[in-house]
Every structure is written in C-alpha cells, then in structure tokens.
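Mind looking over this structure? Questions follow.
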Amino acid sequence: MTPRLEATHDHACLIVHGPDRPGIVAAVTALVTRIGGNIVTLDQYSDNPEGGEFFQRVVFHRPHLEAALPAVEADLDETLGPFGMTWRLTDQSIPKRMAILASTSDHCLLELLWRHRRGELPVTIPMVISNHTNTAEDVRSFGIPFFHVPAHGPDKTAAEARLVELLGGNVDFVVLARYMQILSDSFLEEVGVPIINIHHSFLPAFIGAAPYRKAKERGVKLIGATSHYVTEDLDEGPIIEQDVARVSHAMTAADLQARGAYVERAVLSRAVQWHAEDRVIRHGNHTIVFA
Amino acid sequence: MTPRLEATHDHACLIVHGPDRPGIVAAVTALVTRIGGNIVTLDQYSDNPEGGEFFQRVVFHRPHLEAALPAVEADLDETLGPFGMTWRLTDQSIPKRMAILASTSDHCLLELLWRHRRGELPVTIPMVISNHTNTAEDVRSFGIPFFHVPAHGPDKTAAEARLVELLGGNVDFVVLARYMQILSDSFLEEVGVPIINIHHSFLPAFIGAAPYRKAKERGVKLIGATSHYVTEDLDEGPIIEQDVARVSHAMTAADLQARGAYVERAVLSRAVQWHAEDRVIRHGNHTIVFA
Amino acid sequence: MTPRLEATHDHACLIVHGPDRPGIVAAVTALVTRIGGNIVTLDQYSDNPEGGEFFQRVVFHRPHLEAALPAVEADLDETLGPFGMTWRLTDQSIPKRMAILASTSDHCLLELLWRHRRGELPVTIPMVISNHTNTAEDVRSFGIPFFHVPAHGPDKTAAEARLVELLGGNVDFVVLARYMQILSDSFLEEVGVPIINIHHSFLPAFIGAAPYRKAKERGVKLIGATSHYVTEDLDEGPIIEQDVARVSHAMTAADLQARGAYVERAVLSRAVQWHAEDRVIRHGNHTIVFA
Amino acid sequence: MTPRLEATHDHACLIVHGPDRPGIVAAVTALVTRIGGNIVTLDQYSDNPEGGEFFQRVVFHRPHLEAALPAVEADLDETLGPFGMTWRLTDQSIPKRMAILASTSDHCLLELLWRHRRGELPVTIPMVISNHTNTAEDVRSFGIPFFHVPAHGPDKTAAEARLVELLGGNVDFVVLARYMQILSDSFLEEVGVPIINIHHSFLPAFIGAAPYRKAKERGVKLIGATSHYVTEDLDEGPIIEQDVARVSHAMTAADLQARGAYVERAVLSRAVQWHAEDRVIRHGNHTIVFA
C-alpha cells in the first residue's frame, strides 16, 4: 500500500507549460476552481511576454482528491489541449521514491538521510546503493536498505546492469550523492527517471575532475557547489541550485575540499527538496525553480 | 503634466486584501481578464488557510489603461465588495513622488539619488530636506531641489511645521535617510503619507540611539540594519527589510559604523524600491513583501 | 594513556595576555625561538595601542615538545611575569575532552558527533548526557557513551548533582547542544570548566525562551543563532559566534524553527571547533576569536 | 609637497618574502624592535612549512619614521639579505597615487570616488581617464581632474600613447573601473605600475566578453564579480577578491547586469583598498591577502 503524507492530504500540484497568451493565468485558476480546488500557492513565469513560453505551478486543496483525479485529468486535457499546453498533475500526499547512489564520501548521503528522518523531504527512500561498503552500517541504522554494487575496472557494463535491475520500476528519481562514477548514456536511457547530481564546484568553473585542486591552482576566493540534472553531456545538465563559501590563500586544496563538503550537502539537499516538491521545471538546458 | 514611465506603460498593480475564502484567487484573476488585463505577475499569501487573511498582488497589462480606469475601479468595487475585500489599484507608469529627509550623513541619501538616476527607482524626487546644509551641493548636482530646515533645540514645532508646509500635497511617501530627528505623533498624522526609516541595527537588537556602540559593548559578531515604516512607537514599526555584515573583535565602534553604512544604504534602497513598486503590504505590525 | 592527535604532534599553542607595551610581540616571538619553537601561526590584538590590553596566540612546532614542557613553562614564567602578563600553554596533540548535554532535539548533537568522526574537531567525547532517551541509540552508534539524567520537575538539585558526578574531572569543557534546562549558579561553579551554549536567536534580540515565536511576532526578515559561553546571567555570556538566515512573511514560527536548526548547528560547530583549537580568548564579557 | 595621512603618521608597513626557515618570524619582529618600532599588526603565511615560501606583513609605529628610514632600510638589507629574503617598506602616511580608467559605466567609478571622499581609501586620485565624456562632470564635482582619451577603431596605438603620457611618473597604480578596452602588452610594460581590473563574472567562469549573457544562457543561480591584477593573459591575472549575488530564472541578462553592478563596485572597492593598504602580495599567479 502506498504510504501517504498527512500534511499534504488532498493537495495536488499542477504544472502547466506552453505558449504564453493573454488570459492563461485566469484560465488555469478558473479551471482549478471548477474542479473544486482551493488554491494554496500559485507561481507563474513567462520567458517573454510576447510570444514566449509560459510556466505555471499551482498547489491546490481538493477534498476527496484521489477519487476526483480521473475527472480532473479529463478536464485538464480538454481545457488545456486546445491551447497547446502540456500539464502534469501530482497528488502531493504521495511521496516520490528516491534512490541514493554514493561512493565513500558520506556527507551528502547522511545529510539526505537525516533530513528525511526529520520529515523535511517528502520522499521515501527504497534503497541506497554504493560502489563501496563503508556507509552500509550508517545507512541501515536509518532503516534504509543498502546495496553494494562494485564498479571496479574500466568496463562498467555489469555494474550498470545491476543498477538498472535494482532501480527499474522502484524509484521516481535518483540522487548521486557524490557517486564518483560516470554513467553511460545507455544507462541514463534505461533508468528513465530524473537523476540529480552534486558537482563540487561553481559550474561552469572547474568543470570535470578535481575541482578543488583546480580552484587552489587558480587562486579563487570563493569555492562552490552545483546541483544539476544529469544529461548525456557531463557536468552540462540544467542547474537546479548553487552556493559558495569564502576561502583564503592560507587554505590547502584539502582544506577547500573539507570546507566545500558543507556547501555540497546544503546545495544538494535544497535541490532534492525542490525536486521532490515539484518546484523545478526543466526547460531546454535551464530550470525554472519556484522555491 | 504628470511624468510617465515608458517601461510600465499601460501596466497596473492591483493589491487585494481581505478574509481568505475558497476561489478568491480565481475570482480575482477572472476579474482581471474580464477587464481586459493580461497578468504579468501574480503573488498571493494567506496567513492561515482556514479563516485567515488573504493578500494578493497582480500586475497586469491593459491597453488604454488610463481611459479604462474608472470602469475597472467600478468593477473592482462591485466584485470584491461583497466578499469584504479591500483593494488598491495603481497605474504603474505614474512614478510615486518621494521626499528624502537627511542630516549630515550622505551615504543613504547619495545611494538613493544615484539609483534614481540609473533608472532603478520608479519615483520622482521633488525634494530633499535636511537639517544641515553639507549635502546641498551634491543633491543639486543631481538636479533635485534641496531645502534646509534647521532643527536646533528641544522644541521641534517650528521645524515640523516647515516640513509639513514643504511636503504637504507634494509627495506620496517620505524616506528618512539617516534623518537624526525624532518626529512627533502629530507630525506623522499631518503628513499623512507612509514614512520609511533606516535604523542602524538589526532590530529589535540595540533599539534606540547609538546601536554601534551598544553592539561593540555586547561583543556581537554581526551588525545589521533595518528598514521599517515609522509609527508612533519609535523603532517599533513594521519591518520591510534587514541585512547584516560580519564584524570582528578587532573593530572599534567607529569601524562598525563605517562598515554598517554599506549595509544601511543597501537595506534602505531595497525597502524603498519595493515600496515604490507596491510590493509591500502592511498588515498590523508586519509586512508582506512580494519581492 | 592519553590519546594523541598525529597531525599536531609536537605543536604547542601559547596564549599571552596582559597590558600592552612596546616590544611585546617581539619579546614573545624571541622567547618562542629561544625555547626551540618554529612559529606556525601568530595572531595578536590590542584593544588600545596606548595603555590597552594585549592578546597574542602563537602556534609553534617544537621537536620533543612533551619532554621540553617543564623548561618551557619555567622560561615563560620568568620572561612574562615581570611584565604582568598571564599565559597559557597547551600541547595541541592532546585533544580536549568534551561532554555534550542534549535534550530531545538532535540536530546540534548529531552535527558535532559527525564532525568529530570526520576528524574535524580535535576533541575526545567521553560522554553525551541527555534528560531524554530518544538520541541514545544514535549516540552509541558513534561509539560514544550515553547517559540519561532526567530533569523532571522544578527542583533540579538531584539532576545537577548527577551531572556533576558524571562530568567531574572527566571533561575539559561542556557543550549544551540545545539542552533545554537552565543550570544553577552553583552547578556552574562546581563543574568548573567552560560551558558553551547555542541560543536559537541573534542575541541580544529575542533573549529568553521561544525566540522563533517572538521573531515571527516582530516580523523580522532574518533569523539567527548565537553561541556563547554560559555565565550566571542567562543568555548574557560572551558571544563566540553568530550567523543568520533569510526568512519571509510566508514562513510560520515552525518554519523559522526548522530553518533555524541549520543555522544553529553551523554556529555551534564553529564555536566548538574554535574553542577546541584554543582560538577563543575570553576577556570580560567579550571574546577575541583568532579564527 | 607630498600629502600626508594623519591617522597613519609614523606608521610603516614591512612586507617580507623569501624561503621559509625556522626563526624567521622572530628574526623579523626582533628587527622591528631594534629599529625602534612597536608592532601594530602582524600577519604571516607559509605555503609549506617544509621548504616553502614565507610571507610576512608587519605594520609598526616608529616615532620620527621619515628621518629614520635610511637607517632602517640599511638594517633590513643587512639582516634579511643573508637569508635570501626580499622586502618592501612603505611609509603608511604617504597615500598611493591612483589613476582610474573608465568607460561609460559609472557605478565602479563613482563608488571609488565616493569612498575616497569619505576617507576610506588611503590614496590620492591625480586623474580619471575615460574613452567617453559622460562622467566628466561627476568626476570634476569631486574635485578630481578628468581627461578624455578616445579609443575609436581597431588601432589603439595613439590612445595608449596618450595614456602613457598622462600616467607616466604620476601614479603608483591604475584601476580599470569597467574600462572596456583591451590593453596591449607593450602598454602594460610601459606603464610599469600594477593595474587592477574588475571582471563582471565569477572567474574562471564566463571568461571574456558578455559574461552576463553567458550566465543567463547557462542558467546559473549565482552571478559574480572578480577583481584581479592585469597581466598579459586576459582575465587570467592573480585574483584579489571575488563575490557573488543570487539570481533567479526570472531575471533577464539585463537584470543580471543591473544586479551585478552592485557586486562589481563592492568587489573592486575592497580590492583597491587592500592594495592601497599593502595587504595584497602577488606570488606567481596568486595573491596572499592579509585582510
């Protein structure tokens, strides 16, 4: 039986996207009212008031939401279709299923597990997978299943096959919590759910490996972290969130890494929360974040 | 003839406030559509979804706005009145008229004049008034009239009478840009327009005079500034914006003051801009800021 | 046998304090050289170059430090005594023994345990004590002893006696990681080691209980946290560190509390680290922090 | 006659640089004492305690400094030479002579002029040079000479020759306050003084032209500014200071530029102040900043 979140009982989130035109906000809000919903929050964005793209996120309360969903969805299709709008409706009381992939570093992983236990992330965590075993005990102490999928050697085919086997059908999105393996294009396609990564630099600065060493070499005065959706172009996917921390000449590359860990865990946590709450809309290589 | 802002030609800002009830967002957006408006931005807030207060700000584009205003206002009255809602509609192409009151310090004053010249503040500045003369030349170099209203001695009656004379009917709001005089209750009443102050501390810490000295004595590690609406209760009015800066044990009270000046000018500028753009709604002793 | 930190083997930290006078920096650095030390870092501060107080912190490397300590200390006495200077010398390879007192909230407690496990806090943690039992399992999973000392009812005499019994002679300082009990003056005296607290507001704003509720009522735009040494005057002790986070009108008091937890754990962690590294010097009701 | 700063009368700043070795801090502080100086602040840094480079900055008060300088400098040569150390001694009461080069943008230029007038920058400003004339009146209202040096067309030889003519022998350093012209290698050589630039991005991200447009295209969530010394490698010189500001998907490239202007002026001002106070040491392509 699907677990449910009490706090968001009978709450739905509607995302609407399409060509901007006069009256579209009013049309959507009228629609929400017609289907019995009371608007809790509403955000909208148009990238160009004349001939641009329009994005709207509406959270509404609708008694007996579950039973009404089929009718609501039919109405959405009928109302928005003629305007070329696409839409996505989610029952906010159903937590998304999130898998975490990790390697030896535990700071991002534990932060997510701990925030989840505090009730701050509206997700379930069916599994944590790592190519190392050092975090197994910690993960299981949170009551979360841990799976070890080694990824030795240059050929990752077996490892990725095992990942697909574990993830397939079981999760709604995947978080790479400092998972230090490059995933193949075919893996991305097979998994078929959004994958969120945390990169340990202020992208697009210091793209690729060893960003803290590069930051030290360049003598920057701030280091950063970037959470983004994974695409086929490494470190080039749509950015969800970024933040920085001040550093000084006196810090070594190892100091930067230690300091950066705190930025990474904060940035990834915010990105995961916003994704889980349907606050992030992908559009081309950008994100609209209604946070 | 009233000056007009090109960028916001035919744009109106509607603020709606009243008891929260189902369908209110939809009702207002439908109304905007009915009167020929296309929604540019929309923000809303309810302080309690069950029986709370509801606040909405809608900016919409409406061709031939000026001519249509009487009809639009009649419609608003008719539509919103029955629900016990109050509303306020402003033509965004008409800049608010802002007076600045200053004393010897120039950092907040010059920042406002400079941002205004850059076109970042949608206001006109009919006058700057100071109880000192040191900034007169600077002010006039911006093409702004400067008036000197001395405020010596304990009896401020004459000074306040002169202020009322200058301000009366000529301004939509007043900014105290480090104006170091306490204004009487009767003055506030006679002026009758909102007054925005900048207090040089992170209120409610270090309320009253000499906050940087008090901050030094208490040994705080951050100093702050607070912009708020002036009420009869000194330093107790609704807060619009606040910010802080890091300080250390090695800084003297004078150092804190010098550092704090940069926080003050930034905080006051944001507060003034948001007020000028009708982004701030007062409610009791709070503000809702749709920034 | 005393545990030792490898990274700071043969490193000593010398804190010197007394009346400022010409040549004092040179005198201390010459002294360090004479006793065979090589200066790693040096910080100094004078609160008034003419007739003020002088503070210096020198970290130096000295081969065979442990064996040389008695001779070094005799030299310090002889050299600094005549100038009315007090001094404190610590072997940095000996971690301070830190006890943590907690209640039901786990965010500050777990953050300290986790940073300790990462090797970022140069301390040992002989015990965690709580007046609740909910964190016992977590604490013990870090390999740290957990003691439950209930503190029901208005009379805390028995509870404090039990605390003194556990702490007495076993710890070098105590951290109150959201320990929601007021400690008596006699307890502070009996324990006789520094006690570091985290207060969930930007002191001196919202002193006392329920600061997040008070912050909501006052309508502030930033919330904060303050770590300070505990003195007989509640919430009035010397401030070690502070930080803030931005909030909005839309957040409830509970939201402020949830957001504030992340500020609290960061502020307390920094304060604890700086204290453990002998970077904090108390002087009157202030701190000098050489961070 | 050279202008003098009252506040730093008889204060000298000594920068020492060379191979790290035991006792070097003590040797320098003893030297300062021997020449009659009383240390006001002292900072040091070694990039590697074993065989690395050592950097020290000492500010000391020395009565009758001016008369004593020749003797002091002879002592420094004699003491530090044998250890292979280089040194630089400046009389802090003599303000550095700073030229500002600007184009049409005024935000960085006016910020520097205004901070200078407040007495926050220990410099004199013998001239402002621009390839446009729009800021002439503002500059002259500060009592600063303004020179117009047009830089039309691809051949900058004449313009650079005119710059060299104006700057030659008259200034100690040059600030490019959003001067939108690339300077030739031969110009850099002929001018022969440090040149500080402000780049309108968080380098090394968005190197080169139009960084705000590139930032918008990449969808970053923070924008930044970087102040650095100009070298022959465009945008690759040693970084002095950086900072960032948060942006959102809703901001256009023009919005980013407007928001970024405030980061630029703050970052450049800090870099200029630190340089003017001899707090910045160049080493390879890095800076050590004792701020």
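We just call them A, B, C and D in the order they show up, numbering each chain from 1.
Note that a residue touches a chain if its C-beta (ideal position, glycine included) is under 8 Å from a C-beta of that chain, and two chains touch if they have at least 3 such contacts.
None of the values given here were measured: they were computed from a predicted structure.
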item	value
Of A-B and B-C, whichever chain pair has more C-beta contact pairs	B-C
Farthest chain relative to chain D (centres taken as mean CA coordinates)	A
Distance between chain centroids, defined by C-alpha means - chain A, chain B (Å)	38
Mean-CA-position distance for chain C and chain B (Å)	42
Residue numbers of chain B (touch at least two other chains)	none
Sites on chain D touched by chain B in the complex	107, 110, 114, 118, 120, 137-138, 141, 258, 262, 266
Chain D-touching residues of chain A, taken from the complex the two chains share	45, 202-206, 218-222, 224, 238-244, 248-250, 285-289
For the chain C and chain D complex, residues of the former touching the latter	22-23, 25-27, 29-30, 32-33, 38-42, 44, 46, 49, 61
